[in-house]
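There are structures below to look over.
Paired with chain B in one complex and with chain C in the other, chain A is shared by the two complexes that follow.
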Partner chain A sequence: MEAVVLNKSDVTSWVRGLLASYRVVGPTSAAEGVVHYTPLAEDGPVVLDGLRPIRSPKEHFIPATETLLAFHGTAKAISLEAPPAPTRETVILGVRSCDARALTRLDDVFLKRKETDSLYGNRRKTTRLVGLACESPSWGCFCTSVGGSPAASEGLDLLFTDLGDRYHIAILSEAGRELIAGAGFAAATDADASAAKAQHAAAVDRMPPFFDAKAVAEKVEWDAPVWMHYAKRCLACGACSFLCPTCHCFDIQDDATADGGVRFRCWDTCQFGDFTRMGAGHNPRQTQKERVRQRVSHKFKYLVEEFGRQGCTGCGRCVEACPVNIDLRQVLHDVEGAKR
Partner chain B sequence: MSDAGNLYVPNLAVIDRIVEETWDTRTFRAVFTDAGMRERFSYHPGQFQEVSVFGVGEATFCLASSPTRTGYVEFSAKKVGALTSALHELSEGETVGIRGPYGNWFPYDMMQGKNLLFVGGGIGMAPLRSLLNFCLDRRGDYGHIDIFYGARTPGDLCYTKEFEAWRSAPDTSLYLTVDKGGPGWEGKVGVVPAYVREIAPASRNAVAITCGPPIMIKFTLPELGKLGFSDEQIITTLEMKMKCGVGKCGRCNIGHTYVCLDGPVFTYAQLRKLPPEF
Partner chain C sequence: MSNLEVTIRETAARLLREGQVAVVLGYEAGSVPFRTAPAFIERAEDAGRLVWNRFCTNNLAVYLPKLKGAGRIALLAKGCDARSAVTLIQEHQILRDQVVILGIPCDGMVDADRLATSGESLFGVAIAPGADGSLTVASGDGQRTLSAADILQERCRLCEHNTPAIADGLLGEPAPRMPGAAEPFAAVAELERLSPAERQAFWHAQLDRCLRCYACREACPACYCRSCFADKAAPRWLSKANAADENWMFHAVRAFHLAGRCVGCGECERACPMDIPISKLNRMLDREVRERFGYVAGLDPAAVPPLGTFRPDDRDPGKHEG
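The block that comes next holds the complex of A and B.
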């Protein structure tokens, strides 16, 4: 694989160079070490390494709230206005392998399932992803249980591996090559490649699989007691869904003003009671048991049946965020073992 | 530059006729503002659309009109929530948004040459009306048509102005019934499944198409079974909560089946294979 190296002291000037041609989004530290993906300013700090950002870059493809159209006038005379398509290309830095893989899962829904969602598709087409191999996985991580790895390259254009004073950069696509063209980076040596490989292997070693995802897909049962077991303490807060890089469900609502308004979509979750409640009151998923079953079955069975791959990449955010300590790894372990 | 491919931008349509079907249900006839869209919006009986009242939101309605009757689309709305209440506030001449058509449709080609048994209850008659009027407009393509239609009271029956046309169509029978009679009602009193049992339409070379309240469906299916209808010969259409209508918003799945994409029309044989979550 073709690769180059970049001294850490040169990262800032490289990013500044990118900012001349692209909108650049990268991890930035907020208070108390919490990291978010935010658009970088011309003179702002560039911090590639650090904690896994608290949210995935999902929101740069399906924003938490997004205008679908604006309407002007009243019911007697109305005109519609669609939002503009992006005019500038975006580069996202520091993308974790699990999150890049998660975007390929969102592609299944937004681009492959029947009609194409152009709002999502245009952002995908105009965004390049620069990955960062995970050196030390977080405590909730389980990418190796769902066919991933802390240094997987799927969906990425470049993959950075931290070699101490420099990064090893694997070139994974033409779009990635363009980002480093002309920057004068030295080609990676065999020693650099070995060091990157060793680092990847060490990270994998720190993450023994918790369950067998393939076995789970076969063992997700409709009437298993496991659903009620976890539903009993689930608060239906939706934190798991909102932090999940593959959860994509949304609501569509209108916001009216005196002379018009906007129609927008916003993140929603199958964990909420009224998610499937119809106008006249009928609700196919009456209790939290059905909703817990839906979320797990959808990710580990239904999507496997539909697209041949899980709707989970093991980022572990749901595990770490759940206020009542529902650990998805344990849920799947229970499903696999058909316990409870 | 606006994004022309945006799936969520509806077509504007003017409500040109509102029919007061019952005390809580109205049928709206809408004509697309754009003349080209009137031509392009072609659909099949059984498909659905997303209808919006700007400033209130969108909801899912089956196309209640038949594509054989061109120039407009119709949908019937029972006043149950915010959006349907807003629809009921609209006057003729006002504008709504329409996206669609979405979903699959009744297999009307496969039904050719067969006897048809329609079994509808309440507002569930809306999708059946699309297929029924379609078949009546191509009367020669289909065999005998039996129409069973029931509601709670005479005042809850929709499409009453069309009963005469249905009744007088060649080789067509209309069986109306209400759970509870009232002043001026001289017709049948009783539930739909019992009426089906009494008339006992033949299942040979026939297809049953049913839509209505779950309780009606529940008791109609065994009656159809006793008449010899196989699960493959019974077709229904499902109602599920939907937002996008195009398989993105994640609301209408039953197992890996998306009602908006794979449905809303299913045979009873197909439904039996789905998880019981609808």
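The block that comes next holds the complex of A and C.
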């Protein structure tokens, strides 16, 4: 694989160079140390070390709230306005392997069915992903249990590996190559390549699988007692879904006044009681048991049946965010062993 | 196993065996050593699953309204949890004789985030508690011993009622008062020094990252409304759009609904995946209620909460304070 190296002291000038041609998004540390992906300013710091950020880059593809159309005027003379299309290409830095794989799962849902989602598709087409191999897993991580690894390259254009004073950069696509073209990076030596490989192997070794995802898909059952076991303590909040890089469900609403307004979509989750409530009041998922079952079944059975792969890449954010310690790794371990 | 843990298991087993309660609400081992999970023990032989350690942080009173109809409930209650139970009793969400409050004197719960240094992973760590209140955290990279008292959650450090104020029996000796108990409002002193405009800017910045996942609301024992104003579609009080001003509206209204009812258990803030210091809003209103009405929430089941009633001599800020 073709690769180059970049001295850490040269990262800032490389990012500045990118800013001339691209909108650059990267992990930044907001208040209270919550690291998330925000557009970088000319002189802004980039956080390319530390554990996997609390928020994923998902919101740059499916924003928490997104205008679908604006409408002006009254019933007799109403005009519609489409939301603006992206005008600049975006580069996202410091993307973890789980999150890049997660975008390929969102592609399944938004781009591979009969109807495609143009807003999502436009963002995907105009965004390049620069990955960063994880050295150590955050405590909820389980990428190796769902076919991934801390240094998986799926979905990425470049993959950075931290070699101490410099980064080893694997070039994974033409789009990636363009990002480093003309920057004058030295080619990676064999020693650099082995160091990167050794680091990837060490990171994998730290994470033995928690469950067998293939076995799980066969064993997700409608009437299993496991759902009630976890539903009892589930508080029905949306922390798991809203932090999940593959959860993608949304609601569509209008905010309107007498002479105009916007139609927008916003994140929604199957964990909320209202999610399946019909206009006339009927709710097919009456209790939290059905809702817990839905979230797990969707990711580990229904999407597997539809696309041949899970709707989960093991980022572990749900595990860490759950206020009542519903640890998806444990849930799936139970499903696999048909326990509870 | 600590003595208290033994007592908890024995008490739970006895209550279930004697048929005094249908379920014991307690804690069981979590998926990792720095978490516990809420446990619903229904058979005496399962009482051995119950644990007691510095990570029993959840306020289990949140489940009392959900368990309506399940029979008599034994609630393992730290000081804060017991106060929440009192609030629920006052508000008729559970009948006093349907809950057995097993009071647990509490030395404070550990803030699990502070077990690791910045950027360090807790993946695969083991934690061994010492009899002296220490915690030894061991990972592949080595081990270190921390004093639990040094890494408490803020709400615990400032707790005024760590020994339950109300209980149907205390499982252990009353605990020493917490170090910050004399100054519970230290947590908001810094905020109060800000001008209204600065405060607004502070909250705007904090709530800008709110995901509207409602973990704060769902983890709150006092937020038991079956239909929250935030979810109403007709009339719609709040847009579902995630915008800083809508987020502010949600948190501000929730804070007002909790004035004189919030017991400061801090579960809202702990549950928040974005680390928004939400409980500061509640603490400021707690202070207002204490100053204006001389009332502290969750101490007396027979008391009438000030915002649940009207008295002609209530202080009227509009009239008396310009």
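The working rule: the second predicted complex is superposed on the first by the 337 of 340 C-alpha atoms of A that agree within 3 Å, B and C clash if a C-alpha of one lies under 4 Å from a C-alpha of the other, contacts with A are read in each partner's own complex, and residues count from 1 in each chain.
In this section, a contact is a pair of C-beta atoms (placed from the backbone, for glycine too) under 8 Å apart; a residue touches a chain by one contact, two chains touch by 3 or more.
Here the structure is a predicted model, which is why all the values come from computation and not from measurement.
Colleague: After superposition on the shared chain, which partner residues are touched by A:Leu235: those of chain B (first), chain C (second), both, or neither?
Modeller: After superposition on chain A, A:Leu235 lies in contact with chain C alone.
Colleague: In the overlay, answer first, second, both or neither for which of chain B and chain C A:Thr65 touches.
Modeller: So A:Thr65 only meets chain C here.
Colleague: Between chain B and chain C, whom does A:Gln253 touch in the aligned arrangement: first, second, both, or neither?
Modeller: both
Colleague: Looking at the overlay, does A:His36 come into contact with chain B only (first), chain C only (second), both, or neither?
Modeller: The answer is second: A:His36 touches chain C but not chain B.
Colleague: In the overlay, answer first, second, both or neither for which of chain B and chain C A:Trp139 touches.
Modeller: In the superposition, A:Trp139 contacts chain C only.
Colleague: Where does A:Lys197 make contact in the superposed view: on chain B (first), on chain C (second), on both, or on neither?
Modeller: A:Lys197 sits against neither chain B nor chain C.
Colleague: Scan A:Ala280 for contacts with chain B and chain C and give back first, second, both or neither.
Modeller: Once the two structures are laid over each other on A, A:Ala280 reaches chain B alone.
Colleague: Counting contacts the way the document defines them, which residues of chain A are shared by the two interfaces, the one with chain B and the one with chain C?
Modeller: Overlap of chain B and chain C footprints on chain A: residues 251, 253, 268.
Colleague: So in the complex, which bits of chain A are touching chain C?
Modeller: Per the stated touch rule, the residues are 30-34, 36, 49-51, 54, 64-65, 136-139, 141, 206-207, 232-233, 235-239, 241-243, 251, 253, 255, 264, 266-269, 272, 274, 317, 319, 321, 323-327, 329-330.
Colleague: Inside the complex, what are the residues of chain B that reach chain A?
Modeller: Touching chain A from chain B are residues 1-10, 12, 52-59, 78, 80-81, 83-84, 90, 93-97, 214, 239-241, 243-244, 246-256, 258, 261, 275, 277-278.
Colleague: Mind pulling up the chain C residues that touch chain A in the complex?
Modeller: 30-32, 35-38, 40, 58, 62-63, 118-119, 121-125, 140, 205-206, 209, 211-215, 217-219, 231, 239-243, 267, 270-271, 273-277
Colleague: Can you list the chain A residues touching chain B in their complex?
Modeller: Touching chain B: residues 68-69, 71, 75-78, 80-85, 87, 109-110, 113-119, 121-122, 222, 248-254, 256, 260-261, 263, 265, 268, 270, 275-282, 284-285, 290, 294, 297-298, 301-303, 305-306 of chain A.
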